[in-house]
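What follows are several structures.
Each of the next two complexes has subunit A plus one other chain: subunit B in the first, subunit C in the second.
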Partner chain A sequence: MKFETPATTNPIDALKIVGKPFGRIDGPLKTTGKAPYAYERHDVVSNPAYGYVVGSAIAKGRIARIDLAAAKAAPGVRAIVTADNAGQLGKGERNTAKLLGGPEIEHYHQAIALVVADTFEQARAAAELLRVDYTKAEGAFDLAAVKGTGEPRPLFGGPADTALGDFSSAFAAAPVQLDATYTTPDQAHAMMEPHASIAAWDGDKLTLWTSNQMIAWGVTDIAKTLGIAKENVRLVSPFVGGGFGGKLFVRSDALLAALGARAVGRPVKVALQRPLMFNNTTHRPATIQRIRIGANRDGKITAIGHEEWSGNLPGGRPEGAVSQTRLLYAGANRMTATRLAALDLAEGNAMRAPGEASGMMALEIAIDEMAEKLGIDPIEFRILNDTQNDPERPARPFSQRQLTECFRTGAERFGWSKRDPRPGRVRDGRWMIGIGAAAAFRSNLLVKSAARVRLDRAGIVTVETDMTDIGTGSYTIIAQTAAEMMGVPLEKVVVRLGDSSFPVSSGSGGQFGGNNSTAGVYAACVKLREAIAQKLGFNSAEAEFADGEVRAGNRRVPLAQAAADGGLTAEDGIEYGDLDKKYQQSTFGAHFVEVGVDSATAEIRVRRMLAVCAAGRILNPKTARSQIIGAMTMGVGAALMEELVVDKRAGFFVNHDLAAYEVPVHADIPHQDMIFLDETDPVSSPMKAKGVAELGICGVAAAVANAIYNATGVRVREYPITLDKLLEQMPDVG
Partner chain B sequence: MTSPSDFELSRRKLLAGTAASVALTAAPSIVNAQAPTIAEQNAAAGSATLKVSFTVNGAARDLTLDTRTTLLDALREHLHLTGTKKGCDHGQCGACTVIIGGRRINSCLTLAVMHEGDSITTIEGLGTPEKMHPMQAAFVKHDGYQCGYCTPGQICSAVAVLDEIKAGIPSHVSADLNTPVQLTSAELRERMSGNICRCGAYSNIAEAISEVAGRPA
Partner chain C sequence: MKSFTYERAQSPAAAAAAAARHPDAKFIAGGTNLLDLMKLEIETPAHLIDVNGLALDKIEPTQEGGLRIGALVRNTDLAADARVRRDYAVLSRALLAGASGQLRNKATTAGNLLQRTRCPYFYDTNQPCNKRKPGSGCAAIGGFSRQHAIVGASDACIATHPSDMAVAMRALDAAVETVRPNGATRTIPIAEFHRLPGNTPHVETALSPGELITAVTLPKPTGGVQIYRKVRDRASYAFALVSVAAIVQRDGTGHVALGGVAHKPWRLESADAQLPRGAKAVTAELLSGAKPTRENAFKLPLVERTLGAVLTEAKG
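== the complex of A and B ==
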């Protein structure tokens, strides 16, 4: 189905099942430990061998020699895979560094060997016996030191730099100016399930039970890396224990499991050891961002400029922190610039809202600072510079844009009017109290997506698509979509996901999974409805599918009857025309945060949080709300604790486990409120939905930062905002 | 060092000093050690096995295990009880939480052979999809999970937390050790903080636990 004109009324609009807060259909499996994740497939693989990954102990250079003798002689060891014996390997289109290093080493903890043994304990013990001699080379590990060497790099298909009007002159002439530099650190996805795979070969056919967000990408890249036909690779990933972008791409667990299984002629299972993950896999790259804003005294922005510097391995991409500044606020004179320098740390890549999450951390502090310079309430300042058109291309409207409504609704709910704009004025015992706000912004992406739908003689509708559920609720919203379309209750729908033998979906990433995968299921259901109508002798345009029946006029036939002499199957997908060119499709929100800062120690506690979001039709308010509050939680981490600390001499992330890389825990997060504004976006898809999963993280950290400023009067522009950065400037508390 | 003023460390100096010592201990040692490690010595000696008998979810289990096998791997790899998750294998995330003799424990931090005669409850022992434990049902109702990987550990912890509070066991945030422990929001969040949920379902998890405990979140 080609979606080329805005949606009109369709069966989804009945909203009997779509739009309702159903509990997850996979919930009982997940809460009882019965949902099978990648490493746990005892049901399909017996007697596997165990692989243990060895990572490089240098960041850059060469392996001079590996001595495998002691490890090979250790009890239970069946094979040791290295670049020496793995045969010719290619590299996935979406991998920057090789997944199996050697002799060349591109980054610290790049995998250099897999030790395969009969048991996990044997493999782990033998891995300790590898003797590796390295020849180290000099590398670049300090973004600030090399930022000057950065070069323009395109940004998610867009240009590296943009300009409109005359930024320099307008900024110079502006009566009120801000010129500030912000930094965001490297961050880790730190999903709870490590990257894990079981590989089994049947002749030249490989099956990988793995944990991956993008099944079709994974098939392509595994085939390319192994140099085998795509048709000979099957990926299965029905449950994914978190990804956040870290499982968009095939990683070393999958490749090494495949190589190990080939070497020992037996299935092999591999999970990346947690302390290896942070330097072995991808991370959100650090940024340095300079923001300049010029405004008239009435608060109208006349000039806005945003420059970004980030680093990556050669061939990698920039973080993209200027993306939202091209679209968020009005202003006739504008510029953005993206510079990418070469760094020899592990590969930087997408993490939840790549670009915008980092960009909003900086931009929304800058807006708060500018509002203070102007003496205007920061929410009013944002509303004053709201726009209904793409600021760089004013002829192009937003499909929907309720940024102002988000702020107004949130301000009322949160009690913003009680905020004292003068910092450091509110106390609660030893706590200095502040509240802050920030905009949330993330664009909506259209990606083609297909599905197969089958009706059987029991009236069960089965949906198959290679879409993944990474905690987002895909199983449930896909079931809701099919139930609504076919006029059956939710219990009559079976959803099967994450298998490359199913039609290719959008996959899970860039907050595009929900809208696109359900739109693909919609398309397949339209086709199945036509087949059913034809089979039962209805005019498909008139047939109504409801309550397990097909109806038209006085005639009603049980749906299952259409499959009485065998099942009916339909396959189709959604493809898009140029509605995303004609309209800027984005999602919006407003974050509100109250913090307490200990007047003696500068300990920061988040006390209240609220997000108000407008993101098209909300397909399931319960799971969508969870996406937002989860993203708010990750945003608190970004604000207050998350930082991969770079050892700039040896070239690696020092805090590479879950004790040292701190993420929010229960005690860090208060009760969270969130509101979705009523919205449908007929330009986005027949579902009229948009993404929500990444909107929720964009702006949160800045709202926390702005609240800390309001509490203390200390402005920190280097994330994360830890108490040591406040202490020097904390007001005297007597 | 005798003048009292020497001891008036400012909070800034104290913090700076702490940071410096952390940096020292974190200095990398990526040079190849050539002396035999403990692992090498153990491997050379061959791995030892032992028999162990314990009860898992009410069923008696007898295993002969490599003594290095953690309780977590015994459950997952030998008994195929994969509801208990391996998130870090280092006691840093809580995904492997099980209940032994009424107390929760990180099953990755304990060797299986140390549990002779113990009674172990895993997520599978609390309930099934058809007959969920009230805590499991509350997690579904309040959407106290997303990807589901930390969920069994969260639920085992939550069940044990309520028992700990009933038993009057204090925590770091208990204000008064002479009065019965109350299940406040702070107590609940403190006690659950060993179970990381990267999806960030904490607010919903707190509501689920509170409902089972019969108090508002």
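== the complex of A and C ==
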């Protein structure tokens, strides 16, 4: 189905099932431990051998010698895979560094061997017996030091640089100016389930039970890396224990499991050891961001400029932190620039809202700083510079944009009017209290997505698509879509996901999964409805599908009857025309945060949070809320603690386990409130929905930062905002 | 993890004797630290002596009016004991500020005293570390040292001792009771139990090879306001940046020990003497000769400010 003009009324609009807060249909499987995650596929693979990954001990250089003898002779060892014996390997289109390194080493903990043994413990013990001599090479590990060598690189969805009007002159002429630099550190996805795979070969056919967000990409890249035909690769990933972008791409677990299984002629399972995950896989790259804003005294922005520097391995992508600045606030004279320098740290890549999450961390502090210079309430300043058109291409409207409504609703609910704009004025015992706000912004992406739908004799509707559920609720919203379309209760729908033998979906990433995958299911259901109508002798345009029946006029036939002499199957997908060119499709929100800062220790604790979001039709308010509050939690982590610390001498992330890389725990997260504004966006898809999962993180960290400023009067521009950065400017202890 | 042999000790003396028979032996109690280190081959015992069956899990009054805490008393039980909560509140508070509920259910009194540093380079066997591999160097010096020591460190090692419990015990003048392989017992004052790194950061305590901790004793209660204040980036489940254990009497005298600043719980009796003069004076004495790194210099003002807040709180 081609979606080329805005949606009109369709069966989804009945909203009997879509839009209702159903609990996750896969919830009981998860809470009873029955959901089959990749490493525990005892149901499909018996007697696997175990692989243990060995990571490089240096960041850059070569393996001079690798001695496998002792490890090979260790009890239970079946094979050791290295670049020497793995045969010719290619590289996936979406991988920057090789998944199996050697002799060349591109980054710390790059996999250099897989030890395969009968038990996990034997593989682990033998792995320690590998003797590797390296020849180290000089590397670049310090972004600030190499920033000047950065070159323009396009970012996802746009060119490296953009410009409109005459930024320099307008900025120079502006009566009120801000010129500030902000930094965000490297961050880890730190999802619960590590990358994990079981591989089994049947002749030249490979099956990988893995944990992956994008099944079709994975098939292509594994085939390319192994130099085999795509048709010979099957990926199965029905449950994913978190990914946040870290599982968009196949990683070393999958490749090494495949190579190990080939070497030992038996299925092999590999889970990346936690201490390897931070340097072996991808991470959100650090940024340095310079923001300049010029405005008239009345608060109208006349010039806005945002420059980003990030680093990556040669061939990698920039973070893209300027992307929201192209779209968020009005201003006639504008510029953005993206510079990428070469760094020899592990590969930087997508993490929840790549680009915008980092960019909003900086931009939304800058906006507050500017508002203060102007003496305007920071929310009013944002509203004053709100726009309904793409600021860089003013002829192009937003399909929906309720930024102002988000702020107004949130301000009312949060009690913004009670905020004292003078910093450091509010106390609650030993706590200094502050309130901050920030905009949330993330664009909505259109990605084609297909599905197959089958009706059987019992009236059960089965949906198959290679869409993944990474903890987001895909199973549930897909079931709701099919139930609504086919006029059956939710219990009559079976959803099967994450298998490359199913039609190719959007996959999960970039908050595009929810809207696109359900739109694909919608398309397949439209086709199935036609087949059913025809079979039962209805005019498909008139037929109503409801309560397990097909009806028109006063004729009603049970739906299942259409499948009486065998199942009916339909397959289709959604494809998009140019509605995303004609309109800018984005999601909006406003974050509100109250913090307490300990007046003695400068410890920062979040006390209250609220997000108001406008993100198209909300397909399931319960799963969508979970996405938002989870993202708010991650935003608190980004604000207050998350940082992969670079050892600039040896070139690696030092705090590479979950004891040292801190993410928020329950005690860090207070009551979280969230509101969805009523919105449907007929321009986005027949579902009239947009993404929410990444919107929720964008802006949170800046709202926390702004609240800290309001509490203490200390402005910190380097994330994470830890107590040591406040201490010097804290008031004397009484 | 290296393969190892395993036995269950039948008595404390037998456990110590078994340790003497196996030079590469380690005792295992809760295992919450030892097993993690064994998986990474930071600890590589060839033999494990499981002490969990020893009847060292009681908290009993001593003749002197104090308490004897068995080496195997779990952190959860110790923190919840009514006598500890009433008479040694700083200990209870320190325990509850540490780790998580699940870990405290497993962690033992002896194991907690003997837990090893959380220096990230100690945990990465690719990196030089004198504590893990004597003579290999110290990657933390000139590296990521935000968590590290500001006092009592050496050119060989700047690690901190991570325990919260031990800081409270230091403030309480606890003592460690042990039995040696020859059956002899002794009592080591907590002040002498943990060592500074010097040139031998791998030698962390006064224990001799095979020596088993049987108990920790606390002297007669001294009363006073007892506070444990742990400062950290995350609200729970994080090691201290700095911590303060304080016992303050009505007349302003008392004891103060610091965590997160040294290779051992840090207390100077000469600093205690400054207590009536306030946080600044106490801190000046406690941290005199401090040699912070650029990354952890903030701990100096942080100690003073935290102590100041604690003393204000103690005054009520």
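Simple rule for what comes next: the second predicted complex is superposed on the first by the 732 of 734 C-alpha atoms of A that agree within 3 Å, B and C clash if a C-alpha of one lies under 4 Å from a C-alpha of the other, contacts with A are read in each partner's own complex, and residues count from 1 in each chain.
Note that in this section a contact is a pair of C-beta atoms (placed from the backbone, for glycine too) under 8 Å apart; a residue touches a chain by one contact, two chains touch by 3 or more.
No experiment lies behind these values; they were computed from the predicted model shown.
After overlaying the two complexes on the shared chain, residue contacts for A:E121 are found with subunit B and with subunit C alike. Of the two partner chains, neither subunit B nor subunit C is touched by A:G553.
In the superposed model, more residues of subunit A are touched by B than by the other of subunit B and subunit C. Of the two partner chains, subunit B and subunit C are each touched by A:L727. Shared-chain residue A:G157: touches no atom of subunit B or subunit C. Contacts of A:H666 after superposition on the shared chain: both subunit B and subunit C are touched.
Once chain A of one complex is fitted onto chain A of the other, the partner contacts of A:R430 are limited to subunit C, with no touch recorded for subunit B.
In the superposed model, A:A57 lies in contact with both subunit B and subunit C. Touch criterion met: A:A650 reaches subunit B and subunit C at once. Applying the stated contact rule after C-alpha superposition, one finds that A:R24 touches subunit B and leaves subunit C untouched. Overlap of the subunit B and subunit C interfaces on subunit A comprises residues 57-58, 75, 121, 124-125, 128, 275, 600-601, 647, 650, 654, 657, 659, 664-667, 723-724, 727-728. Subunit A makes touch with subunit C in their complex at residues 57-58, 75, 121, 124-125, 128, 275, 430, 598-603, 605, 640-641, 645, 647, 649-650, 654-657, 659-660, 662, 664-668, 720, 722-724, 727-728, 730, 733-734.
By the touch rule above, subunit C contacts subunit A in their complex via residues 1-3, 39-41, 118, 120-121, 123-124, 126-127, 139, 142-144, 146, 229, 231-239, 241, 279, 298, 301-302, 305-306, 308-309, 312. The touching residues of subunit B, when paired with subunit A in their complex, are 11-12, 15, 19, 26, 28, 30, 32, 34, 37, 39-40, 42-43, 46-47, 66, 68-69, 73, 76-77, 80-90, 92-93, 95, 122-124, 126-130, 132, 136-137, 139-141, 143, 145-152, 155, 185-186, 188-190, 192-206, 217. Across the complex, subunit B is touched by residues 23-24, 26-37, 39-40, 42, 57-58, 70, 74-76, 119-122, 124-126, 128-129, 131-134, 189-194, 239-244, 271, 273-275, 470-473, 600-601, 622-623, 625-627, 629-634, 647, 650, 652, 654, 657-659, 663-667, 669-672, 723-724, 727-728 of subunit A.
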